[in-house]
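Chain lettering (A, B, C and D) follows the sequence in which the chains are written, and residue indices restart at 1 in each chain.
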Amino acid sequence: MPDYTPQELMVVCAAREIQDGEVVFVGMRLPLIAFALAKRTHAPNAIGLFELGLVRDAPSPELLYTMGDPPNILGAEWATRMVNVMGLLAQGRADLGFIGGAEVDRYGNLNTSRIGDWNKPTVKLPGSGGGADIASLAKRLAVILAHDQRRFRERVDFITSPGYGEGGNWRTRVGLPRGGPGAVITTLGVLGFDPETGEALLRSYHPFTSVEHIQANTGWPLRLAPDLAPTPEPTPEELRIIRECDPQGFWTR
Amino acid sequence: MPDYTPQELMVVCAAREIQDGEVVFVGMRLPLIAFALAKRTHAPNAIGLFELGLVRDAPSPELLYTMGDPPNILGAEWATRMVNVMGLLAQGRADLGFIGGAEVDRYGNLNTSRIGDWNKPTVKLPGSGGGADIASLAKRLAVILAHDQRRFRERVDFITSPGYGEGGNWRTRVGLPRGGPGAVITTLGVLGFDPETGEALLRSYHPFTSVEHIQANTGWPLRLAPDLAPTPEPTPEELRIIRECDPQGFWTR
Amino acid sequence: MPSTKVMTMREAVERFIPDGASVALGLALEPLIPFAAGHELIRQQRRNLTLIGPISDILFDQLIGAGCAHKVQAAWVGNVSEGLAHNYRRAVEQGIPHPLTVEEHSNFSIALSLLAAGLGAPYLPTKSLLGSDIPAQNGTFRQSSNPWTGDPLLLIPAIRPDVTVLHVQRADEDGHAHAWGSLGICEEAALAAEGIILEAEEIAPRETLLSDPNRVIAPAFKVLAVVHEPGGAHPAPVQGCYNRDHAFYREYHQQTRTLDGFHAWQEHWITGVANRQEYLARLGSERWDALAIKTHRYAAPVDYGY
Amino acid sequence: MPSTKVMTMREAVERFIPDGASVALGLALEPLIPFAAGHELIRQQRRNLTLIGPISDILFDQLIGAGCAHKVQAAWVGNVSEGLAHNYRRAVEQGIPHPLTVEEHSNFSIALSLLAAGLGAPYLPTKSLLGSDIPAQNGTFRQSSNPWTGDPLLLIPAIRPDVTVLHVQRADEDGHAHAWGSLGICEEAALAAEGIILEAEEIAPRETLLSDPNRVIAPAFKVLAVVHEPGGAHPAPVQGCYNRDHAFYREYHQQTRTLDGFHAWQEHWITGVANRQEYLARLGSERWDALAIKTHRYAAPVDYGY
């Protein structure tokens, strides 16, 4: 057994998506910690946007249960109205956005709205929040979710947050100005996307699992990226920082 | 000779347009004093909106050369962004708006943009400021300007701030949601408007002039209102307050 | 001058939020949620409300479970630190306690709806949500195109709530209010609404509020009622006043999994108390004190003098 | 961390406002006008600028008279307490010093143009200016209709300035800024622009600025330059710092009636001085002291602690 949890590895993978100096639209839960980790390791100049109206260049000094927690507001560079932060996103000022989802499909479309018949769903999920906006407008999208066959579906019942739609040039066709998922970070591995077709490809598998296990837990025949490799393990430094951020393991255990 | 200036009488007339409890979009110059006068006499509950982003329920304690002068900001109820105050106007929350103009015509249209050929004007005036917005969107409009034949024209060269256009239901036809001029307060008298045709009618003439003099100084055959009467003179109390507001007579002499 | 707008929450809800009203609340997202107003709506058994907001951190779920809501216009209804909202699920999936109309939004689209109303504009255009199924489900948006370029655009129509309820740190009796921290779409919702109800941690003198007119959140002439309601946002945090009661959200999540569980929770925290003071007494001073501000951090001085 | 953004006005203008740039300035209307930046543009003989703003209280007139401007997108160009702007008249009526393209706006339409850009929207719709000749003269608006009701609407396209210049009370070296008083469309212009130049009365520590994040006017990552320029807004007022020099506007009005008069005025106040310090020295301490703040009025405390 590895000395880290899948969630800890997901945080590490998410942090590695952040490049230094980037403006990052930080989502709920694990990305809150990933932003802190990236800032304290390889991306000290990254800037975080939080949809409720915050901009920070330093991560919160305390664990965040929600992005509106008081420690995330004190020390913010800017505490403004949501529309201003969404406006930065809409202008193409966010290099990377993080979102979660209940279901993802072969083309990276996410459902966080309703499973089953729209009018009589079997499961009513909470909804988009800012997810659909981030998926529509960020230059690059990273998705974080648990990996099982129920969640990884050939086609989601409801596209809350658009990925590559039906593939190909779909995003351009429907009028989206940019973006699309670059990574789907799961409990089992990391998916990338074929730049031509927009189809998900397995880019890396976590050290504690296997390609076969991932394929068996994916609801469509998951193709492999040409450079498929095991996910690099968290470094001790990364784990130390994550555990400093989330000492009780609220999000990462 | 009366013991007051035409400007002082204009301030009095402007103040009388304000009813108690009304939300008033206050314009530059004389209306700044008219708002103070109304508040201190018959309209203590009037509220003033200032286009740069201010709301006040108490007039400035000092003479204002501009609405952005520091005494107008200190003690404001709200100092916000211009769009928020313009938004109140656009929503129909302003009962009355004041504007000035260089030229007015038979249907209360105002020109503050360009005299003569649009592309080669003989006089380039400063422009709309917020005037065109107030004229478009306030529930009721009061216009303040000097009265002479050059300024009172059959048809203005350029409609900066729409009055009743070509008359009749023109405002509805072009899509304006409400409003139109209720009064044109001049150095010689006060004009109202025919509710059917939108044509200007002389409602009152200042005590120091005559109907004939006003008609001679108007660039079209000015019709008279059925209830035409001399403009009531300022009361001593009104004059006292105006002179307290503008002791040097910067605006009122 | 008009008489004071200060009144009890009971009176404010009785007078200004009738059955069938559309109400925007929870507009700062996780902080400053006006739970006191929401609970009073439940105690007064308000029906057929339209609930408007970006995300709702368990407040909408409570109103839905109590049968107050007929329609929801929101981007997210759940429990931010815990996950799904059980009453919301029961209402949409099973029609319990009765069917609920949901118009799905994103945070940006609900913000734009309210901003449009405040600007007096019939709609605002955006490229967000193109390709999402939200527009089709919502049904009120309109697909359009940029008249200059032909590019696809989505038009988000204005939403004008009857009432916007804001929890604020302080207000005066005329309705001037200061709120600070993360404000989400509080301003947009206040300017979009027909009227505003304030629940305030503190009632301060007019001079205090007017000492900082840039921080005033909306024009006082739109304010219908000012309710002095310290602790009214619990379990949500109020910057500078108290912190978030994370455990309360967890308990709510666990205790409301079943309908019976929700009824028991509601009886304990809402219908079994007469007002916010009794709620806080039930919470207990130990739990309340644990949420107190540990370190005060004051804003740098600002001089409005001349 | 990136190196400091603090530099002289000369350097800021040299590096970030090239010939042909579109520049928004004078966005708080009568207060906080960045005259220091405007005068440096004149000293550096910038050409073919597009000037963007709501009303311009003599600053645009100076830039036009000096031959810096090719186009104006504004609601009003004049002298608020005195009347007409002589250089503006000469340029439009007689092409002196050269012809000027003017796109007439109203205050609301220029505000909506910038707001649209900040929201990432191609345009915003309004009912203002329907029936006005401004849309026909401006030429960039588009007549449309409400797709739900068929009512006429005017679509105001986004304006994205290359640079927005703001005068603020204080900033830190990273570009966080506090401005207060009446702010007009400062925020909209800052969010619409590609980059921001700040001229600040005071350079304060980061901690001071971040102590009140609600008062920060724009994201620091958009700020290109921070110029420490006390007195940089004279003769415009800066709340809490100095009052308006009304007489200066009157003198400008009287002395610039003729082109020669303007040239003499320009030589005295702009090209005859090297920077703002020399300008203020020429103004003299007696005149400057007369504008000082007589009564300080501080904003009520706000606690961001937790």
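Just a few scattered comments:
The rule we apply is simple: a residue touches a chain if its C-beta (ideal position, glycine included) is under 8 Å from a C-beta of that chain, and two chains touch if they have at least 3 such contacts.
Owing to the predicted nature of the structure, the values given are computational and were not obtained by experimental measurement.
Between the contact lists of chain B and chain D, the overlap consists of C. Listed by label, the chains that touch chain A and also chain C are D.
Relative to chain D, the chain whose mean Cα position lies farthest away is A. One inter-chain figure worth recording: chain B and chain C are separated by 40 Å, centre to centre, where each centre is the mean of the chain's CA atoms.
Per-chain Cα centroids separate chain A from chain B by 57 Å. Here the spacing of chain C and chain D, counted between their Cα centres, is 37 Å.
Among the residues of chain D, those touching two or more other chains are numbered 112, 119-121, 126-127, 151, 153, 180-181, 183, 187, 214, 237, 239, 243, 297, 304-306. Of all residues in chain B, those touching 2 or more other chains are 54, 70, 73-74, 76, 79-80, 83, 86, 89-90, 137, listed in ascending order. Shown here, the protein chains touch in an arrangement that is not a line, ring, star or fully connected set.
Looking at which chains touch one another, you get A-C, A-D, B-C, B-D, C-D. Residues 28-31, 54-55, 57, 74-78, 80-81, 83-85, 88-89, 92-93, 102, 104-109, 111-112, 115, 126-134, 137, 151-153, 180-188, 237, 239, 243-244, 246, 249, 297 of chain D touch chain B in their complex.
Residues 112, 119-127, 142, 144, 146-149, 151, 153, 155, 157, 169, 178, 180-181, 183, 204, 208-209, 211-212, 214-215, 237, 239-241, 243, 293-306 of chain C touch chain D in their complex. Listing the residues of chain B that touch chain C in their complex gives 23, 44-45, 47, 54-55, 57, 70-71, 73-80, 83-84, 86-92, 137. Taken together, the chain C residues at the contact with chain B in this complex read 1-2, 117-121, 176, 187, 191, 210, 213-214, 216, 218-221, 304-306. Residues 28, 50-54, 65-70, 72-74, 76, 79-83, 86, 89-90, 113-114, 118, 120-133, 135-137, 158-162, 165, 170-171, 174-177 of chain A touch chain C in their complex.
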